[in-house]
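Consider the two complexes below, in which chain A is the common component and chain B and chain C are the respective partners.
Let's turn to the complex of A and B:
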């Protein structure tokens, strides 16, 4: 972004706050980018000839006579096949030492898909993790976050899901990733030999927090290129959306907006929806699937960020440590995939819906038995058996280290039913029980 | 000559326009940005400055851009052809838009100009008519669609002539009326009406009393809703608000169903697009889509248009009610609408009320619910709008402004319960927490006595008591163990 000779240079800044500067200028468009002493900034407010700019890198050290030039466009990304295998910062500049990407210049944060031109999602995404594939099956074109406390291994799970998902392209949008996590992703993708189908946009904790705001739009702009122009199935990983929302609240606070719940801006729902609704199944075959991470504070899903997210996304995957087996599991009660009924029992084996529901019901019985035990009541034989079942179920199916095909998950389910219960206790349709109940 | 102005300030989708002549509150204007015209609505005027909310992205807009005022408020176009359409919040026909992505500043005509309709006259020459009088009817899908004297006409008119039965386009003149001064006025099948103003061309609005069967047993039995009634469904995410609304819209015995998808997921709307053309209306045997209109203003579409979308839906419903039809209107979710109000109030730097919502939120919600209802038309026929809105309370906590404001005005409350949803029991309506005020209406009791029997409502009340007792007993067992159940 070099300054062209004929561009007007402004040098009189009238106001400086922690994140914004104001100056007098004319002929400037809303959302337009500018350079303030070489730092990238964006127009956020115009009032007569007074322009307010949000400086992405922060305003530390900016003098009142800083040189300000307007670039004449909003943030853009050069899209082409050459994006594949590359790592970029939040502005779309390479950080892997490679050359600038040549391609068509596209404004990020583009228009929405016409709802009547969408297709109903119908392609199953297999991840090998039974807590997902069996209970909360993912479908291409879906948007779903992991709700997880910061101490859970969500980056590892995401990386696994991404690699097993058989997507044509994986786009990583990292917001406030630590440098260690960034290097972890890079290494995992490299080791899997998958680098050529990965594009990354990363704003690590080394960068100013406001730069995170550009990352999802950059990632989704690249995703739209591959999904629309190339009809590819694209998986977008966004981690961590809580840190993205934090940046929104920083900016709105600096602009003196009245906060709503939990100090978040009143527009949080719309801001998040704009990102998540980019998930789509196109009629021509391409798709964008979004898997995000929303870190929680002590499992609290009523905080404004997870709460608004839950109203937007098509379900959520809830990670927690199961103390019975000492492993992290995908919680079958609090997790939900709203699109699973579009594929289960149809794209998967006929017994899938019934096995899934029976197992969760029995797991709930075990939870009740556990409460009973903790309160000092006597356990019945059924209670004991459901507790044993729950332990096996957690270990063999819910744990995130499971990696098997869906048919095998269903067989495991039947084996556990046979091991702990009588046929009539599982409340599954007679004909399915006869067909699948394990011998002996 | 229409009023014009120049852009003076821009803060996201709030634009300040310096105007050269008179403007009205809520007047529509268009901001010229290169080749596109961005539609906006005046929401505040101070001196020569009009504050307008833009229904589109304002990216690239510059100070000094020209603004043209349209001279009318935000209005919908009414006429045959609304059924089966998929509109956005401003009544643009989404199917007429080219390309996969929505283009900024693209507005499409909501009706079909070339389609021929089978017209049959109702009014005769010499009759005296007024606004909303029926002049004739056409067959819209399978519904009789009345062509009415436009709602904006004032005073009485004499019918000079009505077109003979035959095929006409919506733009063809189908009647000539003579006003009180003796001037001829031509009427075609199209009329316009501002969305924020209720269509009140009826004789009176009695208390509703007829049961509206929704097809959802727990509602129809324990907490019934009536024709022209209002209800709301609050619930945390994942408890099945949308699925319940879709269920009701499939089964309910309404003539017409209007669904306003207001700031919700696009894939849910796609589900309606995919399913409704296939599903059969259980009452008429026709395809569901033939009696349905969808207003899709999904969460990623501009926020100001989201606010307009519920009004657009309500105005379409009022238009059909004036034809003597039974309309079911569903809005999902009214919380997103309230949030749109909050975003604008915030940009206008108004002093905030609870949770940063505007102070008049309660009044806005009350006025909106009041537009539903059962009415007797001037010609003695009846029509109704039954309105059911969902509410998405933040954090599932019902003590928040939108839920509380809605609770004051809606007569039915269908409470969705997280624990029912967790154990995959849908619809997750809690029969004890939910209520229907209509059970207390003597008019309703009389109607039910005639239709079912006079013991029905006492039995429902007894069932409710038993459910309540059952809950108490099970709580007692949880604390004291199974053996304690006997002492109750």
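Let's turn to the complex of A and C:
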């Protein structure tokens, strides 16, 4: 990104805010990149010949007579098979010490796929985590967020999902990762010998916050290359979308935009949808599945970020610490994969829907029993048994450290039913009970 | 009589539907009427229990049979088999006065 001969250099900046500068210039396009005093910047607003640039590195030290040159293109990524196994920053430059990637230069942030060119998602994505595979099965081409408190081990869960999922390529988009988290991902992928199918775009907390805005588009640009050109199933992991939205608000609030709810920009819904709607199943076999992390502040799902996210995505996964067993579980009451009915009992064993529903119903009975207990009421024999069941169920199925196949999860479910309940209490279809009820 | 158990009976026997089940996902009006009549009859009956602790488990059984009926094709052999089962179950705890 160097300057060319006979290039116009502007030297008259009319306004400087913390994240943006404005100047008068002509022949400039929206989203175009520019250099301001050597710092990379991007056009975020055009009004006549008045142009507003967001400066990725912040505007500290930029003088009013700084040299501004326009590069003539929006951010691009060189796509080729050589992306696999590499780590990049938000601009697509290698940060792993390796060489620059040669390949076709593609503008990032293009349009999402036309609905008529899509296929109904129908392929199951197994993660080995029963709270996901059993209760909230994921489907290729789905978009789903993890809603989690910032202190939950969501990066570990994401790394596990990445390694276990049977996807051809995994693209990690890390926004505002701490350096520790970044090294954690790098080390986990390295140790698993899975680096050759993983591409990472990372903007750590060392980078200016505004660079996070480029990360999802970079990751999805790479994903589209593998899904469209190579017909591969691609899993895109985005963490943490809350920090992405925070960066959006930094830029928009420093301009003259009136903030919306929770000081987020009014365009938050569109900004998020632009990312999530890239999830797609192609008829030719390629697919892009998006799993994002949205951290909640104080578990508040009515905040603008999770609220808007929930309207776009196809369900959500909730992480919660179960104090009875001291483990983090996927909360069965608040989690939902809206596409699960496309595969369960169909691509999985016939008893899947019934075991899933029965187990959650019994878990709900245990929650009622717990309320009774906490309020000093007498517990019936059934209450006691459902409480014991709930502990076993949390430990053996809902906990995120579970890693088994779906058939084994179903067998575990039946064993727990048999251990704690009578047949009529479980109330599953008779022919399935006769076939699967444990012998002893 | 324990209204709590009857409300559970109405919930699990009538209102609750299994959208993942081929049969139970759609219930024609004739079937709904048939099941509702059965449930209303159960609610109207007098029961003879020796203690409160018996009531919960008993209605768990009744609910289970109703669910099995809901899973069976309407008026199929399985359906009538479960209905017989239900009548047997109801006869067990009935006050003798019932005709």
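Worth pointing out:
FYI, the second predicted complex is superposed on the first by the 440 of 440 C-alpha atoms of A that agree within 3 Å, B and C clash if a C-alpha of one lies under 4 Å from a C-alpha of the other, contacts with A are read in each partner's own complex, and residues count from 1 in each chain.
FYI, contacts are C-beta pairs under 8 Å (C-beta built on N, C-alpha and C of every residue); 3 or more make two chains touch, one makes a residue touch a chain.
Remember, predicted model here, so these are calculated numbers, not experimental data.
Look at chain A after the overlay: chain B and chain C fit there side by side. Applying the stated contact rule after C-alpha superposition, one finds that A:357 touches each of chain B and chain C. Of the two partner chains, chain B is the only one touched by A:314; chain C is not. Judged by the touch definition given at the top, the superposed model places A:380 against chain C, while chain B stays out of reach. Shared-chain residue A:425: touches chain C; no touch with chain B.
In the superposition on chain A, A:266 makes contact with chain B only, not with chain C.
The wider contact with chain A, measured as residues touched, comes from B rather than the other of chain B and chain C. Contacts of A:64 after superposition: neither chain B nor chain C is touched. Touch criterion met: A:113 reaches chain B, while chain C stays clear of it. When the two structures are aligned on the shared chain, A:297 is found in touch with neither chain B nor chain C. Superposing the two structures on chain A brings chain B to within 6 Å of chain C, judged by their nearest Cα atoms. The residues of chain A shared by its contacts with chain B and with chain C are 357.
Within the complex formed with chain B, the chain A residues making contact are 26-32, 44-49, 74, 107, 109-121, 141-142, 228, 257-261, 266-267, 269-270, 273-274, 277-278, 280, 282, 301-304, 307-308, 310-312, 314-316, 333-334, 336, 338-339, 357, 360-361, 364, 377.
Remark: chain A residues 341, 344-345, 353-354, 357, 380-382, 422-425, 427, 429-430 touch chain C in the complex. On the side of chain C, the complex with chain A involves touching residues 12, 18-21, 53, 56-57, 60-61, 63-65, 67-68, 71, 78.
Contacts from chain B toward chain A in the complex involve residues 8-12, 16, 57-63, 86, 94-95, 97, 99-104, 236-238, 263, 265-267, 269-271, 273-274, 296, 298-301, 303, 333, 336, 339-340, 342-343, 346, 352, 355-357, 392, 394-397, 422-424, 481.
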